[in-house]
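Shared between the two complexes below is chain A, which has chain B as its partner in the first and chain C in the second.
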Partner chain A sequence: MNINLEVEIVEQDSTAIVLLAGEIDAYTAPKLKEALLPLAKQQGLLIEVNLEKVNYMDSTGLGVFISALKATKESGSELKLVQLQDRVKRLFEITALDSIITIDSTVRGGK
Partner chain B sequence: MDQQLNLLPSGFFSLSTNYEILAVNHTLLQLLEYEKEQLIGQTIHTILSKSTSKFFQLMFYPLMTSKQKVDEMYLELKSKKGHDIPILIYATSDKNKVITCVIVPITKRNEYEDQLLEAKKVAEERLIEVNKVNHQLKTALRNLEEKQEELLKVNSQISKYKMETQKELQLAKNIQETSLTEKIDNNHIQIESYYNASSELSGDIYGFYQINEHQYGVILLDVMGHGISSSLITMSLGTLFQRLISKGVPTDLLMKELDEHLHGLFYNNEEAWHYCTAIYLFIDTNKQTIEYVNAGHPPGLYHGSNDAQKELFASSPPIGSFEGMYYQTNTFNFVKGSRILLYTDGVSESHRRVSLNEMLKKHISIPIDDFKQHLLAAIQTDNNQEGPHDDQCFIIIDLK
Partner chain C sequence: MKPFDFIEMKVPAKSEYVGVIRLSTSGIANRMGFTYEDIEDLKVAISEAMSNAAAHAYDDSEEGEVTVGFGVYEDRLEVMVADHGGSFDLTKVKQGIGPYEQTESIENLREGGFGLFLIDALMDKVEIKNDYGVIVLMTKYLHMNENEVGLDDDQISTTQ
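Moving on to the complex of A and B:
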């Protein structure tokens, strides 16, 4: 899977909205990590990652979110995933990561 | 003067022995812009340019005296208005010493000669340019040949390196596969497995061990990603879980040990950090119980003899993800004739989980080997369509 991942960050006050579009896999995960980790290391920031336009994610992508969550725990920030497609949300459920990471209950129809 | 001589296309005139002009034709008069009366009786020097006058005395006079003839001598005439006119002169003298001259203006010829000289000069310059470019091309060609030779050499080195790497990877694959356990088949239990790396080395690993007469430990792990880095971690975990399972370490403690081992591997090395999903089953055939811990792994499928299915969902996140996690053990009773399917996400991605549930239900009555073949055929069909993106591994357990 080597499709580009678009990453857009909008920061306002103490909130950072990260808009993602594409697929998150071994090829694109480094790009996401590069964008997300510096935010997660900032103090007292609410990071809201919008996954509405992400239709595929593999274990490498999950790894980025685990790293980001760990960083927010240390910096006192908060990570929240919103608008996940069914397929991606199922991945968090199967791995039981939905019990650790805050995931918005609103789920949009995906593939 | 004869009319024809008067209209000759060349200039004509005659001179006396004193070099006075005796006769002149119309063509020459037009060329020099004189009237006939203005030239007759005048010395020849009237119509010669200043430089030609000297030359005329030095060359023309002696030649006419000695040879009575001049052929194709270059001179410059001077018109009435003072314009210099280049000409070629032919002259002879008769028995009365009268000198008859014919002149041909060569203004056009000079222009042509100048053009020819210019063209020659341009051609020579072009030739120099061509030679220069030719030299540059030869140099470039020589450089290209040298580069090509270097490329061939590098290519040969790469091919050699690739071959050696491939050989090493194949050897590593053999070593990794050697670490996998052999199938178990006795009066209480039968365990079969399948293992397919998406590249030479896999991030999946499994193990099943008979702990004592009635107890068995079955584990399946999937390290994040795949390839060399993931495979190295599987080998490290494999050594640990083999030792722990063989000792009969409790399920939750085993998972905790593996979790701590992973955290220890990447302590102070965030860049190399990997996590791992794992499911561990502790089966007691005497008590007919199964204790399991699922750490972020796709749910194992249990199919009882009465067609009831149970999914062994994860109750905690993958090992290596967060420190200090609690790994909850779940226990259930099984009935003889049940079948369990454990798999990695490489299998469930190619086959939606529902599909695996249905396959398990549909083929519950066929022998374990045949069920394995059914699963393999289904996986192979998907692989043929898209190729395996991830490592694929599954374990089938029949409880007798």
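Moving on to the complex of A and C:
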């Protein structure tokens, strides 16, 4: 079991794919923020965060995605979360943040 | 009162140990026979309480400890997360909690404050005491149904 977080960024043209693996909590969230915010501040970038291998997240993760979303609104970039596990997706639903953050859940086999 | 098992852990008030407490929570809840969904709820709620305690101690730049107590009952798990740090403005904290409201603009959207809201949403009962340090008391009941009983022979007795 991995209670740390691995962050990998693949940039091509105007898209940045952020691959995450592990757990997002109070300890690992700063690492995510450090990786995500500089991307969010770039202009005209599509940032696609892949959470397929994130098996745990709490409000510290929500906080990072909120600040990244704010930064993209200022820079004219776009933030998109893809392939969320049900548990992680549920947190966005409970907090109603799924209404402002783009979450693409169709990747895992569609409706 | 029926006897119950009590497990106490004391860790430094640092975020490094949130994951350690989470793993212990998972183990205890698993042994009690909680469902996968409930175990995940417990992990989030207890991590939130522990993160609050660690952040709180860090703000005051004191090297504190967080005590986590697990009361293992036949029908429920009670978890206590206590820090013995300085004062804590509960009223102020309570003002900043709740889900995202459609009326809030994204620019003003808060980045914190979802922690206590999640604890409340994921646990059956939550009490916060603020007399000496901060103590969060959380309870989650074992919801037994036919499908869950007897799946695991070595779970603790769940007969009523």
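The rule we apply is simple: the second predicted complex is superposed on the first by the 104 of 111 C-alpha atoms of A that agree within 3 Å, B and C clash if a C-alpha of one lies under 4 Å from a C-alpha of the other, contacts with A are read in each partner's own complex, and residues count from 1 in each chain.
To be clear about the criterion, a residue touches a chain if its C-beta (ideal position, glycine included) is under 8 Å from a C-beta of that chain, and two chains touch if they have at least 3 such contacts.
Quick caveat, the model's predicted, so the values are computed rather than measured.
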Report clash or fit for the pair chain B and chain C bound to chain A in the combined superposed model.
clash
Given the touch rule stated above, what does A:S59 touch, chain B (first), chain C (second), both, or neither?
both
Which partner reaches more residues of chain A (counting touched residues only), chain B or chain C
C
Does chain B (first) or chain C (second) touch A:I100, or do both, or does neither?
both
Would you sort A:R87 into first (chain B), second (chain C), both or neither based on which partner it touches?
second
Which holds for A:Y27: it touches chain B only (first), chain C only (second), both, or neither?
second
Overlap of chain B and chain C contacts on chain A, residues 1, 26, 58-60, 62-63, 66-67, 69-70, 94-97, 99-100
Touching residues (chain side chain A, partner chain C) in the complex
1, 3-4, 23, 25-27, 56, 58-60, 62-64, 66-67, 69-70, 73, 87, 91, 94-97, 99-100
Which part of chain B faces chain A closely enough to touch in the complex?
222, 224-225, 270, 273-275, 277, 294-299, 313-318, 321-322, 345, 389-390
For a test of understanding, state which residues of chain A touch chain B in their complex under the given definition.
1, 26, 58-60, 62-63, 66-67, 69-70, 94-97, 99-100
Please give the residue numbers of chain C that touch chain A in the complex, ascending.
15-16, 18-20, 22-23, 40, 43-44, 47-48, 50-51, 54-55, 99-102, 106-107, 109-115, 117-118, 121-122
